[in-house]
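Following this line, the structures themselves.
Two complexes come next, and they have one chain in common, subunit A, joined by subunit B in the first and subunit C in the second.
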Partner chain A sequence: MADMTHIERAMAGLENKPADRLMTYPIACGVNRKLIGNGITYREWAHNPKMYAQAFIEGQKKFDFDFAIGLMDLSVMAGDLGAHVRMDEQNTPFVDEPIINSIEDYEKLEVPDVKKGRSAVLIEGTKLYCDVLKSQVITAGFVEGPLLALTQSAGAERVFMDMFTNPSAVHRALAVMTDYDVEMTKGFGQTGCAGLCWDYLWGNYSCLGDAEYDEFEGCSKYALKLNALTLKEGMAVAIHNCADLPHLDTQIKKFNPSIYSMAYYPLIPGSLTASEVIAGGYADKTLVAGQIDPQLFIRGTTEKITQVTKDLCQEVKTALCKRGLNNSPKYIIASGCEVPPDIHTKMENIAAVVDTTKKYGKFDT
Partner chain B sequence: MKVSQIAGFLGSGKTTAVMKIVDELMKKGHRIAIVVNDVGEINVDAKFIESHGLKAKEIAGGCICCQIAGTFSETLAKLHDSYNPEIVIVEPSGVAIPWGLKRAAEYSEAKADMVIEHAPVITLVDATRIDLLVKAVKRLVETQIREADVCFVNKVDTASPAEIARTEAMIREMNPKAEIAHMSSETGLGIEYACELIVNRISPRYDEAVEEELLKKQYGG
Partner chain C sequence: MSKEAILSKLSDAVVNGKPELSEQGAKEALAEKMDPLEAINNGLVRGMSIVGDKYAARQVYLPQVLMSAKTMYAGLDILLPAIPKASMSSMKRCATAVVEGDVHDIGKNIVKTMLTAGGFAVTDLGKDVPIQTIIEKAKSEQLNALALSTLMTPTMDGMKSAVDGLVESGYRKSVKVCIGGAPTSPSFAKEIGADHRDANAQDCAAWLKEVL
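Up next is the complex of A and B:
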């Protein structure tokens, strides 16, 4: 089959049609700031929409990804709600001073103005890179789901305990987070991005069972409402969940996203390999993305990550074939979570994943 | 550098136990650093740690796989270069996965000139709240117990014999291999034994060889 464009390939995957090769998108976001001039700091990148967008544009130029999905980090919403975010060059930013320290604090949450702070950088920056890249690749914005935004604002342990001891307070806070997400979704709806990727991290059997996940995120008040709004705003629903034991039946079969991004944990019993995910039918209607260990981009040699990618391509092609999805690019070769934005991340390893997929992901090899 | 994880869910008495263990280890002449993640109490801890001449760093919650790995390994490397502690006591979040922290700790070997050893992973289980914990956060408690080398039934001074027995039975069911001991962070019971474990015993490293084998098996090569 002749080489397809990125968009033709993605559409073939979404429509269960044959394509020339598997697709690839190592989730390289913050790390692309190294490609702007001589490199800029994370803080500069995360506070300036032009710089934020430029990193994705430079990343696309250098690596030729099949998608552009604009993840910043998981502390954007908590930060704009008032939590203190520690941000430096070696670490992924994180909240080091939460805003919810008592039950009463849950009541004090108010939706911030999404035209200010890093929420605005995220939305404006997404528009800027979509303007440039949407004719080349499928583009998507990225936003934290309500339960993730709440745990980032309060600390996960507190929220999990309060779910049981003070559920009404948690629900009131989740209602505010959902309203915040509604505003974010409407903002992303104006950017021209084709999809919106939700981070629903806590759909994880290590933390919550089906009933608890349904009550505190999966139900019509929260995730289902936001997924429907995403579609209404003209964007496809994508989901990222790098948990060790994700709620696949809920998040893929019930939420029905166009793309689902996940990780693999070899030492966790029950963590599914790419071939098990495909065999389980999860890639039948959704493009599933995964599952290269993000730490390989820092710690692995280029030879090692090349071999891992090559093996993953072969595993995926075989599994797709067994599932009757021959030659359809239903599985995206990607990192299981964001390529670490650490300044030590090896850019050549990102290139190795893309180049290896282009070569060994071809359906006629 | 030896890394000692003292896990347990919010309210399990972790912070009190950590501080007593640190005091005891320092009295014995060990050079100690602490890494905490109990975000609600960081300020209190930081003051305590400062007053004891220790070094404190924080580790992140959030994304389980990648964020902690980078942050924690960087923290350990910096601790090594700036303070060179003999033992680093880590008080992880109740949602952290102990093997994930082991792996992240070993990543720090690439960032500083050192070899990481692990003390037995200690999990504290609050006997006075066992019924609540099982109802509210069973899966998180299970994860921490399953990965522990030694489980301390904590607050045995105030728990009833029935609560202690129920807690022990639950631990045995979730992790038959774990050693079970008793602790009272308040009275100091079990602190000496925890220190002995930390100093004299080793827990296996996160085994990349096992992971390699699994990956080879998975990929058939």
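Up next is the complex of A and C:
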């Protein structure tokens, strides 16, 4: 089959049609700031929409990905709600002073103005890279789901215990977070991005069972409402969940996203390999992305990550064939979580994943 | 109240995540002149073991485990001060810490709980702990084991710095070092000179019981 464009290939995958090769998107986001000039700091990148966008544009130019999905980090919403975010330049930012420290604090949450703060950087920056890249690749914004935004604002341990002892307070806060997400979704709806990727991290069996997840995120008040709004705003729903043991039946079969990004944990019993995910029918209607260990982008040699990618391509192609999905790029060769935005990340390893997928992901090899 | 009834009350309190019942049971145990260690081991710890097994079998999840842990500590706060110092001195000493630059501490807190339930005397150094503090505490508290955790990639190097620092301080041979957290692996543990990488809190406690 002749070489397809990135968008033709993605559409083939979404429509269960044959394509020339598997697609690839190592989740290289913050790390691409190293490609701007002589490199900029994380703080500069995460506070300036032009620089935020430029990193994705430079990344596309250098690596020729099949997608552009604009993840910043998971402290954007909590930070704009008033939590203190620690931004060590060479580390992923994180909340070090939550804003919710008592049951009463759940009541004090108010939706911030998404035209200010890093929420605005995220939305404006997404528009800027979509303007440039949407004719080349499928683009998407990225946003934290309500439960994740709440745990970032309060600390996960507090929220989990309060689910047990003060569920009504948690629900009141989740309602505010969902309203915040509604505003974010409407903002992303104006950017021209083709999809919106939701981080629904806590849908995993290491943390929550089906009942708890359904009550605190998976239900019509929260995730289902936001998924429906995403579609209404003209964007496809994508989901990223890099936790171990994700709730695949809920997040893929019930939520029905166009793309689902997940990780594999070889040491966790029950963690599914790429071929097991495909055999389980999860890639039948959704493009599933995974599952290269993000550590390899820092600690692996280029030879090692090339071999891992080659093996994953072969595993995926075989599994797709067994599932009757021959030659359809239903599985995206990606990192299981973000490529670490660390100065020591090896850019050549990102290139190796893309180049190896282009070569060994071809359906006629 | 009979001894068995008090022990059941303590165990049930932990299983059901009821801190106030745990405090009540602990006070009743002391009022009845029970051996506090027996109340801990056959009451609180028995309950926590049940919860640990249920968590491993995915019959309960993190909210319940965290509440059970809180309940166990509510009882321990009352019972531990009543243990004669001589009995405490025979306990193996461990410390838990999330290394500098990382504040994700749920996993570390579960490890602390399981080590406590496993009969170790645990010092929790907390989260975002400077490497020098970890090294100094290991020596000054004569620790038998150190359980280090991180959930983030850039902070993994802090684990190596901790192990290297222990070597430099001359204390490395006296302390077992186990690591955990999503980005870590047995090969990383080997690479940095740690003794073990644990997939979960129960494994960590079981491994340390075996080697110490």
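Here is the rule we use: the second predicted complex is superposed on the first by the 365 of 365 C-alpha atoms of A that agree within 3 Å, B and C clash if a C-alpha of one lies under 4 Å from a C-alpha of the other, contacts with A are read in each partner's own complex, and residues count from 1 in each chain.
As a working rule, contacts are C-beta pairs under 8 Å (C-beta built on N, C-alpha and C of every residue); 3 or more make two chains touch, one makes a residue touch a chain.
Keep in mind it's a predicted model, so treat the numbers as computed, not measured.
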With everything superposed onto subunit A, say whether subunit B and subunit C fit together or clash. clash
More subunit A residues in contact [subunit B versus subunit C]: B
After lining up the shared chain so the two structures overlap, which partner does A:Asp244 touch, if you call subunit B first and subunit C second: first, second, both or neither? both
Applying the touch criterion given at the start, work out whether A:Ile298 contacts subunit B, subunit C, both or neither, answering first, second, both or neither. both
Which superposed partner A:Met161 touches (first subunit B, second subunit C, both, neither): both
Looking at subunit A, which of its residues have contacts with both subunit B and subunit C? 90-92, 94-96, 156-157, 160-161, 163-165, 205-209, 244, 265, 267, 294-295, 298-299, 340, 342
In the complex, subunit A residues that touch subunit C: 88, 90-92, 94-96, 156-157, 160-161, 163-165, 205-209, 212, 244, 265, 267-268, 294-295, 298-299, 340, 342
Residues of subunit B touching subunit A in the complex: 9-11, 38-40, 42, 58, 60-67, 69-71, 74, 93-95, 97, 99, 107, 110, 132, 135-137, 139-140, 143, 206-207, 210-211, 214-215, 218-221
Which of the residues in subunit C come into contact with subunit A in the complex? 17, 58, 60-64, 66-67, 70, 101-106, 109, 128, 152-155, 182-183, 185-186, 188, 197, 199
Please output the residues of subunit A touching subunit B within their complex, sorted ascending. 74-75, 86, 90-92, 94-98, 101, 151-152, 155-158, 160-161, 163-165, 201, 204-209, 242-244, 263, 265-267, 273, 275, 294-295, 298-299, 308, 311-312, 314-315, 336-338, 340, 342
